[in-house]
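Heads up, the thing below is written out as structure tokens.
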């Protein structure tokens, strides 16, 4: 056990912290290289929105805002203040919706994204892997070949195009799904009401389909290449010779072993899937993190963009870490080494 | 299509050179846009530019991936751990917000070339990991050991002995990388964050959206670039699989029976 | 009465890659019989067609491997099986493991690395005799394993927790759950060290003696054959070179290739260096004409280059394919 | 007997399918039978709220986050302001209409009469109406006004805190309905802070706020109304806000102008332009704030119940805002008047109008928006002057004005839009504007040479041969692509002329403008009252004493860094006269002439907003024929729509 902690756990904890540290530092630096200053953004936006401002009064306002946004001091001081706040779980106020804390807004949007993202990722993971394994196990099957080509093509097509094609096809030309939002206008979200949940599901079909379709091909091709080695492994040939049924071999011998690296890959692609969800939510007007991020981008809301980026870095890092921790449960070889 | 762009009767930078909003016809194969451009000819430039971006990105990211993958794989030890930590960090970073911020930063200097460089700088980690693991397995083989015992420097071992084995992987993933970068360009362009005056597959969709092509009934302005993108991706994908089959010794082995 | 009768078997690999077709003549005109209650050894260099032969007789013919002609007929106590025409279902249901089981080459790695050993037992048993009583299955399996001298603990272990020899024994235990009529053992000892090898061979021998079934033992290691086999067949480049009872093969080999194999075995007290055979085994995609051994044969004659030697019986139970023998020179 | 019944859901599906198909296949025109529509009107959009009693409007700021924060007074901007809060629930002292107004341009809303200044503009007296009540039954009085100004003046973090801090010395309350402001320095436009033109200082309910410890953090939920509506319900995710008419709406300031007959109003986030069009085609969105010109054309063709500001082309409501090509007057090359003029003459306004608005633009050659009452105040009086106006090109007098520009645009738009484009020259002038500057590359070239610029390898360069790069920044918000489309066209025009340029499309260009980190920029720095001719609204920032060089944030809207002694004189003149003084218009005309000569920025057109209203359930929307207010639904002024709009099926 001690060996396990030293050889397995400690390096992974270090990796986990490195990811978070590097990611967050980069996230801190990049926005500050941008040409715009959040305080000026605020002042200008207010003027553009038609508030009459006396020129002389702008100065006093500027000072007040700089202080409030925590932008005073040298960049190094700001950096340490930043970490200090982060460790306290305080991502600061949203600049665009001052003084609402960024974490509160993310907290509100996150469940929508997760409710969509998690089932979509799981579905595409299961089906992609299943079909991928089947396609290398049954190399002659025509239907699987068609699925493979389709999956591959869709996978490489940008999320935006897949989303817009689905939207146009199934909301405009064949209007069977709603074209915007997570529930109808005028309805209040009520997760205890079955009717509402059904409405929400109806709204989630196309956005989820986008993520599933794009994700599917990746798992498919990954599984196919993993299993193409495994199907010629001795223990597979052996049980084939022993007359085990194809399904049993596929599930217990081929998928069971090939799925392990796929779990690690699952954690790795979460960052990419997140980017996809961002675009998808924009196309479908789905009220999650993606919509929040796009609005923040359009309003130069640095603290919000940063909050979202930090959340997703931490989220993905935690997911990777958890996967690493859970991995020994699936793979006895690691467990006993 | 790329070659055709050199024969285009129209300058893609010019608007109102043909009647606008014409549906596809013999004269205008893909119809004309609301800006009075012939969509077919315009898209020949778009495909050319998008492919240029993809290839450039692929080249840059390949160089980085090879350098980092070979170094990490061969040197091992702390250097490997540092490089792979960096690698995993790049994998995990949500790229889109970062690209958007960089788009803000570079503003109109964000042309295709810079975009390719930036995408190249972000597009390497998956491949570097792949190359590293390949090198790790090569390291265990006898010829490496022989070379090590015979005193060949690490650098030359890497270049002479490992690169030839690694290159097939590099080629195999190139097309994926090209597709990825073209896709990123589309995403950024649709958000209006790239060089919008250069015709690309992304800017085609951007301007179509800007002109409300969908509700205006100018469906071909959306359909043509989407179709061309899909055909292009399909073509590149098929190229990818056949190259892969050709290069991958395992597949080849299976095909000829061993 | 024979257990297995193989007649004039021809099995080739046919591939077509990028328009170039290639044929590998892996098994080319092989005939032999297996008798009940014997250990039959098959020897030969790697890629001489041993593995292909096993594939065909155990019903594992999958493209690009193709049987061109010949027959493979079993007779398991009046249950007759034509291996080349049996349906996959029947093969799976009634023949595999129940009548023919398999100890594979590299048996070290035949166990699923991420499942406990007992799971593999369960899968195999369940496939052929649906498990209804789990307790009974566990008891029987434990008893079976113990009978073979293995501790019960191995059942709850993962493969990587077992030593190579132990894994090989587990594989043998797996192969004998149903007391099959034929056990095909393909290089069962190759990756093991000498001490462990002995144990494993002893186990095979014991099983054979107690249950009276037939073992088809394939290995390139002549020493192994000398130790356990009743009869030995020498294969060269897809064809049978010689077949005889073990003593005959080792005492009076007729084929130059057999002679070479025997002479290259280390003998106690021998001092002289071994003469090695010149050249490499032929490429079966483009085998030499006539006797396939002729390019390497120290006694090559003109006829060897053009005419394929027949496999002729020189004595009872001793067959050889060599022009020298045909012409009575030996 | 064959019974033909439809469940409501089936019907909705079919209706949606039908509308979508008609939207996408123009030849398949058809109308939904009236009977079916009536049935649809009984639909509930929310529990207890029938569709035909609920006006559904677009909240152009989209989704509101956080949704439950109604503090309109905090510094910063929130989408909640325009979710009905400032239109329906809050009220201010005065309103200036961007158009003609229900009862004149100026409306005394909470105030009983216009502001009363003393002679040197150091005192402003406000007299308030009596008999107005908050929605919780408390009476409105001078206490609320006094409290609001006092709180904001003394609370950093509140919007406009600096404005009141730097202007207000102290206040007095001679009686319950009168507040007197004593100013720190003379200010003839102090009332502007209280006057709604889009938004202004709204009055707080003192009895609520005085119980609050931290006014900056206070969320004012639920908001207590002084307007005719109160909040009924809202989406915690900020997609919709449902307002309900107050039982006692007669005790609010709009009651004296007419009956408030719309029972419910819902402000929603309908998604991007295309989705808004589809929503209106399905009669699920009564007031669209803005869509692409193409979307508007589709509605004009497919949905006969959709109406706009103009009955036909160009439909849009022109905001009192002037999109222009703004030059950074400090950049080498652009500091020369000749160069700025050359760039102006290198723009083909007809192509720009087609590319941006498909011709549905209202162009302006002079530096005030051609909207509201401004054509009468400025454009028409200046027409003869413009016809004779000359600049020096190659040492000779050159008449740059092209009076036929609007006509040309109409002619170019006609082939694709046909009868939708008016033919009557008078109507064209009213809808599309009058003339603009000539598209004359020869004159432009001569002007460049006059300024000492040189052509190197086919591209213009500075006199010393160094590159002259003019990237054009443009605003490209999510909601409206027209400015970006115009900018792309100008980039093309300039490239043809040999300018080294590119398009720099920004979602939020305002901070960049302010700091002067740009060369040329398509946006606006000129905004006006719309209904009132006073130009001090934007000119207050343009005096050279407020000049800030590039690199630091500009004072207000002088982002082009223009300074001119003549301009200073005009501004000083306006400062010292009263708001309604007729001399203001004369000074304004002088400003227009000066700006035409100097061309610090190139005026283009009005910011046309394609506000589109559906008359299926409601009628009485404002239009050019009944311009009682601006229909653009995020304006605080749209509260006047609610005394004019009537449900069709009561």
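The chains carry the letters A, B, C and D, assigned in the order they are written, with residues numbered from 1 in each.
As a working rule, contacts are C-beta pairs under 8 Å (C-beta built on N, C-alpha and C of every residue); 3 or more make two chains touch, one makes a residue touch a chain.
A quick note: this is a predicted structure, and the numbers were derived from the prediction, not measured.
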Per the touch definition, the chains contacting both subunit A and subunit D are B
By mean Cα position, the chain sitting nearest the middle = A
From subunit C, the most remote chain by mean C-alpha position = D
In angstrom, rounded to a whole number, how far apart do the mean CA points of subunit A and subunit C lie?
-> 54
State, to the nearest whole Å, the distance from the C-alpha centre of subunit C to the C-alpha centre of subunit D.
-> 89
Note: subunit B sits from subunit A at a C-alpha centroid distance in Å of 22
Mark out which residues of subunit C touch at least two other chains, giving numbers and ranges.
-> none
Among all residues of subunit B, those touching at least two other chains are 104, 107, 214
So which stretches of subunit D touch two or more other chains?
-> 23-24, 278, 507
Partner subunit A, residues of subunit B touching it in the complex | 81, 85-86, 88-89, 91-98, 100-102, 104-105, 107, 176, 179-180, 182-184, 186-187, 190-191, 205, 214, 222, 226, 229-230, 233-234, 236-237, 241, 250-251
Which positions of subunit D touch subunit B when the two form their complex?
-> 23-26, 273-274, 277-278, 291-295, 297-298, 351, 354-355, 358, 415-416, 471, 473, 476, 481, 484-485, 488-489, 491-492, 495-496, 502-507
Per the touch rule above, subunit D residues touching subunit A in the complex are 13, 16-17, 20-21, 23-24, 44-46, 49, 56, 62-63, 65-66, 69, 74-78, 156-157, 159-167, 192-193, 197-200, 216-217, 233, 235-240, 242, 266, 268-272, 275, 278, 284, 477-478, 507-508, 510-515, 517, 527, 537, 540-541, 546, 553, 555-557
Considering the complex alone, what residue numbers of subunit A touch subunit D?
-> 35-37, 40-62, 64-65, 68, 94-100, 104-105, 108-109, 112, 171-176, 179-182, 185-189, 285, 287, 291-292, 294-295, 297-300
Can you list the residues on subunit A that touch subunit B in the complex?
-> 11, 14-15, 18-19, 22-23, 26-27, 30-31, 33-36, 149, 152-153, 156-161, 164-165, 168, 172, 228-229, 268, 270-272, 274-275, 278-279, 282, 293-294, 297, 300, 305, 308-309, 312-313, 316-317, 320
